[in-house]
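Here you go, one structure.
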Amino acid sequence: MDSRANVSDTLDLSAIFDELYPLCRSITGSGTRRSLEIIGRHMPLEIVEVESGTQVFDWTVPPQWEIESATLTGPDGKTVVDFADHNLHVLNYSEPVDEKIELGELQKHLHSLPAMPDAIPYVTSYYAPKWGFCLTDRQRKTLKPGTYHAKIDSRKFKGHLTYGVAELKGETDELVLITSYVCHPSLANNELSGPLGLLSLYHKIAQWPKRRYTYRFLLIPETIGSICYLAAHGEELRQRLKGGAVLTCLGGHSKILNFKLTRADVLDQPYSVDHLARHLADVDPQGWKVRQFTPTSGSDERQFCSPGFNLPMVQIARTVYGQYDEYHTSLDTKEFMRIERVEDAAVRINQFFMAFDFEGQTLHNLSPNGEPNLGKRGLYPSTNSPLTWRLSSDTVFDARQTLNQILQILSYSDGNRDLRGIAEIVKAPVTQLVPVALQLESHDLVQRGARA
Amino acid sequence: MDSRANVSDTLDLSAIFDELYPLCRSITGSGTRRSLEIIGRHMPLEIVEVESGTQVFDWTVPPQWEIESATLTGPDGKTVVDFADHNLHVLNYSEPVDEKIELGELQKHLHSLPAMPDAIPYVTSYYAPKWGFCLTDRQRKTLKPGTYHAKIDSRKFKGHLTYGVAELKGETDELVLITSYVCHPSLANNELSGPLGLLSLYHKIAQWPKRRYTYRFLLIPETIGSICYLAAHGEELRQRLKGGAVLTCLGGHSKILNFKLTRADVLDQPYSVDHLARHLADVDPQGWKVRQFTPTSGSDERQFCSPGFNLPMVQIARTVYGQYDEYHTSLDTKEFMRIERVEDAAVRINQFFMAFDFEGQTLHNLSPNGEPNLGKRGLYPSTNSPLTWRLSSDTVFDARQTLNQILQILSYSDGNRDLRGIAEIVKAPVTQLVPVALQLESHDLVQRGARA
Amino acid sequence: MDSRANVSDTLDLSAIFDELYPLCRSITGSGTRRSLEIIGRHMPLEIVEVESGTQVFDWTVPPQWEIESATLTGPDGKTVVDFADHNLHVLNYSEPVDEKIELGELQKHLHSLPAMPDAIPYVTSYYAPKWGFCLTDRQRKTLKPGTYHAKIDSRKFKGHLTYGVAELKGETDELVLITSYVCHPSLANNELSGPLGLLSLYHKIAQWPKRRYTYRFLLIPETIGSICYLAAHGEELRQRLKGGAVLTCLGGHSKILNFKLTRADVLDQPYSVDHLARHLADVDPQGWKVRQFTPTSGSDERQFCSPGFNLPMVQIARTVYGQYDEYHTSLDTKEFMRIERVEDAAVRINQFFMAFDFEGQTLHNLSPNGEPNLGKRGLYPSTNSPLTWRLSSDTVFDARQTLNQILQILSYSDGNRDLRGIAEIVKAPVTQLVPVALQLESHDLVQRGARA
C-alpha cells in the first residue's frame, strides 16, 4: 500500500494534544480548520469544504462562525472573564455584542453550574441567535450589582463547514468507516480523545501486512458534519460499507471499552459488527461491554444509523456522558482524559478491526471423516496416561489448551461458519483462535473459503 | 354509529348488580332470560334461542330447566333449607323429587364443605340426572336422625338455551369479540363481575371517536353456550376475528389484572392480542400479568381456543379460581367482589382495546435521512448546555422525556413495525406513546401505513 | 422377531463381569476377542475382523498386539511387578523387551501417580513404539538402585482388529445405533459398565411388543474401532440412522444419568435425540441432565459426530472422567462401578429409547371443535362442585391428574406435533403421557399420524 510510506511510525499523541487543546473549535470556522491541519501532518487528510446555506436533507449548513476576542468587564472596570483565558467562557456560536448592561439583565446571558462551582460549562447555540458568557458558579456569586460591559467580537457569514478524510486501500472495495468529531473547543475526553485515537488507529491499520477491506477515516463536526457527509456519500456507504465505528470519549477512568451497537441490532437484525462486538463482550467482560442502540443520546452514530441509512456503524467509547461529571465543562482536561488510555483504546480497537477483517470467511476441515490422526503430524501427545491429562506438572499441560482448540476448530470447520462463529461456540476470544487456525492451515487440515 | 344513541351514559352498576344477584341462573331457563332482559335495558342485546336437542359438535343442547321451589323438611317438621332463602341450596339442574327419606340415605344427596363450615357450596349436575341440596357444613352437623322430606319442584323439557349479542360497528368488518357468561345463580365475582364489566366496557367503546374494528359483545351460558355460538358462528369468527377476550372474575382483592393468553401463544405462534398483552405485562408489571394458556381450567376460552378453532381469544380476569376460597360458594358476594374493582377493570380493559385498535398499523418516518431538525419545529431545546440536561431544575427536564420519545419514534418508524413494536423496543407502555405519535403526525414527520 | 428366541431372559451381569474383568483387552488382540465371545453367549454377536494396515480415512489399522507375560525383576532377583498379577502393570501395546537396565534409566519406562500412591495407572502407547511398566507410586518409592531385568514377551504382527455387531429388526429400516467399547484391560466403570449395560439393554429392547426402528448394537475398540466402522458403514449410517447412543461409564456414585448431546445440537441444529434428551433433563432434573457436545474429550461420539458424518449420536453416561479420581487406574473396580448402577442405567435407557421410538409421530384430535363431551364417555366427573376439585379427599382427586392430561393431549393434538412436543408444552415426562394417549386412541378421540 503506497499510503504506508506517508505515515510516520512514531506518533507523540501528547504533543499533538497540546497543540490542539487551546484552539476554539466549533461546527465551522478556523479553529476546526487549524485542528485538521495539525492532524493532517500525521495522516494524509483530504480537506473538504461545504458552503453555508447548502441544503442537506432536513438541515441547512449554518453560516461560518469566527470569533476574535470576547471580554466581560465589571462595574469596577476589571475584566470578569476573557475569551483569551479560556475559550469556554463564550457561548459557542455567540452573536457579536458590545453593550452596557445591568447585572440583573446580564444574568440572562450568563451560564454556570451551581452543583459544580469550579467548572466553566460548555454551552452552544448554533441555530438560535444568542450571545452569552460562561463562568464558574463560584465567580458568578461574587458579581456585584452595577453596569457591565459585554463585548464579543464574533461574526457569522456565508462561509464553509470543513471536514477531513483519509483512506487505506484494501484488497476489496468493501469499506470500513472510522470516524470522530472535531467541533468542541477546549475539551479533552469529549473531543480530542476521539481524533487522537483515530490517528493512532490509522497508523496501526496502515501497518497490517494485508487488508481485506478498504479503511476510510473521517473527522467531521458532530451532527451537521455527518449529515453533510451522508448527503454527499450516503448512497456510496449504503452500497459499500461493511462496518465501522464512531470513536468518542476514549479516555477517562473506566478500564472497560464499550460498544454502542447499531440501530439494526436493537431491531433484531444485527450486523456482523454487532455480532463481533457482542462476542468480545461475552467472552472478555473485563475488557469489553455492549450498550443497546438509542437515538436519544450519543454521537454521529445517531445520523449514520438514522432509519433512511441504518448503516453498520457502532460507537466505541470508554468513559461516556453520564459516567463523569466533568463532561462538557472546563474540568474535562488532559489529566482527566489520560493519553495512555487513548493509546490503550487504539491498541484494542485495532485488534477488533483485525478480527473484523476475518468476518464471514468460512472454515473448511479438509479431513472431516473421523478425527484426523494428529499424532502422526506431531500435534498430539503420543502417550496417553492420567499423568498426561491431570496429575502431572510437566509442560504437556500447556499443550492441552492448544490441543483442545485444534480439536474444536477441526470439529466446527464444516464450511458453515467463520472463525468468530467457532469462537462463539467454544467461548474463547476469536483473537486467541487466529494463530491456531493458521497452524491448521499450514498442515492442510483447514482452509478458508468464501463468505458464508 | 347509531348504536351510540341507544346507550345511556350513566350506568349504576351497583343497582344493576342488586337486580341480577337473586335470580337463579343456569345454563338454560328463565333466570338466565330475565338476567339478559335486565342487562338489555342498558345495551341493545339481541336475544338468541337454541332449541333443546340441537346437536352442536360433540354435544347436545340439554332440556330447559325450570325450578319453582324446593324445601328440605326435618323429622320435626321444621324447614332445614329453602330454595327461597338462597338459590345455592339446590343442586343446579336437580331432578324433581318429593320423597320421604332417612337421614342416612339423604346424606348421599347433601353437599357441604367441611373446610368452610359457613359456606353453601355451588354444585351442578347438568348432564347426569341427580337431585340434591347444598347447605353449610355447620348446619349439616346438627341434622338429627329421622325421616326427612325432600321436595324439589323443578322440571326439564324441550325448550331453549338463551344468549344475547350486541355489536358496535367499526370502519372495517374485522371483528373483536368480547364475551362473558350468564349461567351461575347467586355468585358475584365468578358470575356478575363478568357481565357487569362487559356492560361498562360496551359504554366506553361506544364513546370512542372512531373504531377501526367492529366490536361484538356476547353473553352466553358457559361451555355449552360458547359451543352453541361456535356451531353457528365459528366459521365467521375464523374469517373475521382479529382478537377478543373472555371476561371473568373481574372483582376481588387482587390489584393486578391478568391475561390468560391464547392457545396459539403456548404453541409459539402468538396472536397480536397475545403480543399486546405480553407487552403490557412487561412494561407495567404492577398493572398486568400474563398466564399461559391451559385447557385444564378456565372459562369459554377453552372452547374458542379448541384446536378446531384456535381463535385469538384471551381471558381477562382479576381474582381467579385458586386465588380465593370463596369461589363457587355462597361467600362469593358483592362485598367480596366490590363494584369499584369491576369498574376499574372496565377502564383498563378499555385502554387495552384502544391500543389493540392500533395494532398492525406500520409507522413511517417522512424525514428518514439523518435526524430531522426538531429545533426549527420547536420540538427541541435550542440551547445545549449541561444545565439543560442534567443539573437544572427547570421545566426543560420534563420536556426531555417527550423529546426522547420523539427521537425514539422517529428512529424506529421505518415502515417495519407498529406503535406497539416501537413501545416494545423502548420499553414504554404503548398507551404512553400514542399522544407523541399523534404530535409527530401533525408535524408531518410520521405517517401511519398499511398493516405490516 | 426371531432374534427374541435366541435371547436368555435371565442375565447375571455380575457373573459376566467376573469373567470379563481379568482379560487384557486392547484395541486389537485375543483379550478383546475372548471378551466378545463371552458377551456373544448372551446376545447374537456377529464378529467382524479388519486387517492390520487397512487405510481407514486418515488412519491405518495398527498391527495386532499380543502379550504372553511380563515381569520386572529387581537387583535382588525378586519380582517387582508381574503382568500375571495385574494387566495394568504393563504399558498397553508395549514393545517386547528383555533387557538389564540401571534404575536411573529404568525410571524413564516407569509410570506411577504421586497424587494417588496406591493406584496403578493405565497407560497406553498404541502408535508410538514404547515399552513400560506401571506400578503404584508407593512401591516405586521403595525401588533400590541397581540393575533391573525388564522382560516383556509381547509381539505386534499383521493381524486384525475385531468388533461385534447384533441387530433387532423393527417395522422399518430406519436405524438406531447403540454402541460401547471393548479395549481397556482390567477397568470396570470406564470399560465393562458399557458393554454390560448394552447387553442388558439388548435384552430389554428385544422384549418390546413392537419396534418401529431397527436397533443395532455395536461393541468396538474405542476411536480406531469406530473409525473402522464408519469407513465401512458411514454412508449407510448417513442414510438410515435416526438416533443412537454411545454408552460409557454407566456405574459409579452419581445418581443422575447424563446425555452428552450431539455436535449438531451445539451448532443449533439439534436432532430428535437431542430434543428428547433435553426434554427429560428439563422435566426430570433428578434423573437426567445434559452436557453440551465437545470434541475435546469423550468416547466414540467424537468420531460419529465428526463433521464429515455429524450423526445423531449422543453419549449416555453416569460417572464420567473428571468426576472420579479412580478413572484410568487400578482403583476403577467392580466395587466402584456397582452392578446395580449399571442395571439401573439399562432400565432408564430402555425407557428413553421406548419414548424415542414414538418420536415424530404427530397426534390428531378427531373431535377438535370445542371440547369433546368427556362425561358421556365416562372420562369426566359428572357432578361439578368445589368438593370435586379442591377440598375433598375422595378418589376423584387422583382422577383429576389424568383428566388434566386428557384435556392437554386433546388441546394440543392438532397434527402439528408428536407426544413429546405435547409433553414439552405441559412440562410432564413424555413417558407419563403414553398411557393416556393410548386411552384416547381407544376412544377414537386421537389418532397417530405421519411424521411431522
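Going in written order, the chains are labelled A, B and C, and every chain counts its residues from 1.
One rule holds in what follows: a residue touches a chain if its C-beta (ideal position, glycine included) is under 8 Å from a C-beta of that chain, and two chains touch if they have at least 3 such contacts.
Remember, predicted model here, so these are calculated numbers, not experimental data.
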item: Rotational angle, Cα trace of chain A fitted to chain C, multiple of 5°; value: 120
item: Self-contact between copies chain A and chain B, residue sets same or different by half; value: different
item: Separation of chain A from chain B, taking each centre as the mean of its C-alpha atoms, in whole Å; value: 54
item: Per-residue overlap in chain A, given as positions that touch at least 2 other chains; value: none
item: Contacting residues of chain B [partner chain A, same complex]; value: 365, 367-373, 375-376, 382-387, 391, 403-404, 407-408, 410-414, 416, 425
item: Touching residues (chain side chain B, partner chain C) in the complex; value: 56-59, 111, 113-116, 121-125, 127-128, 130, 223, 226-227, 230-231, 234, 263, 266-267, 294-296, 302-303, 305-310, 327-329
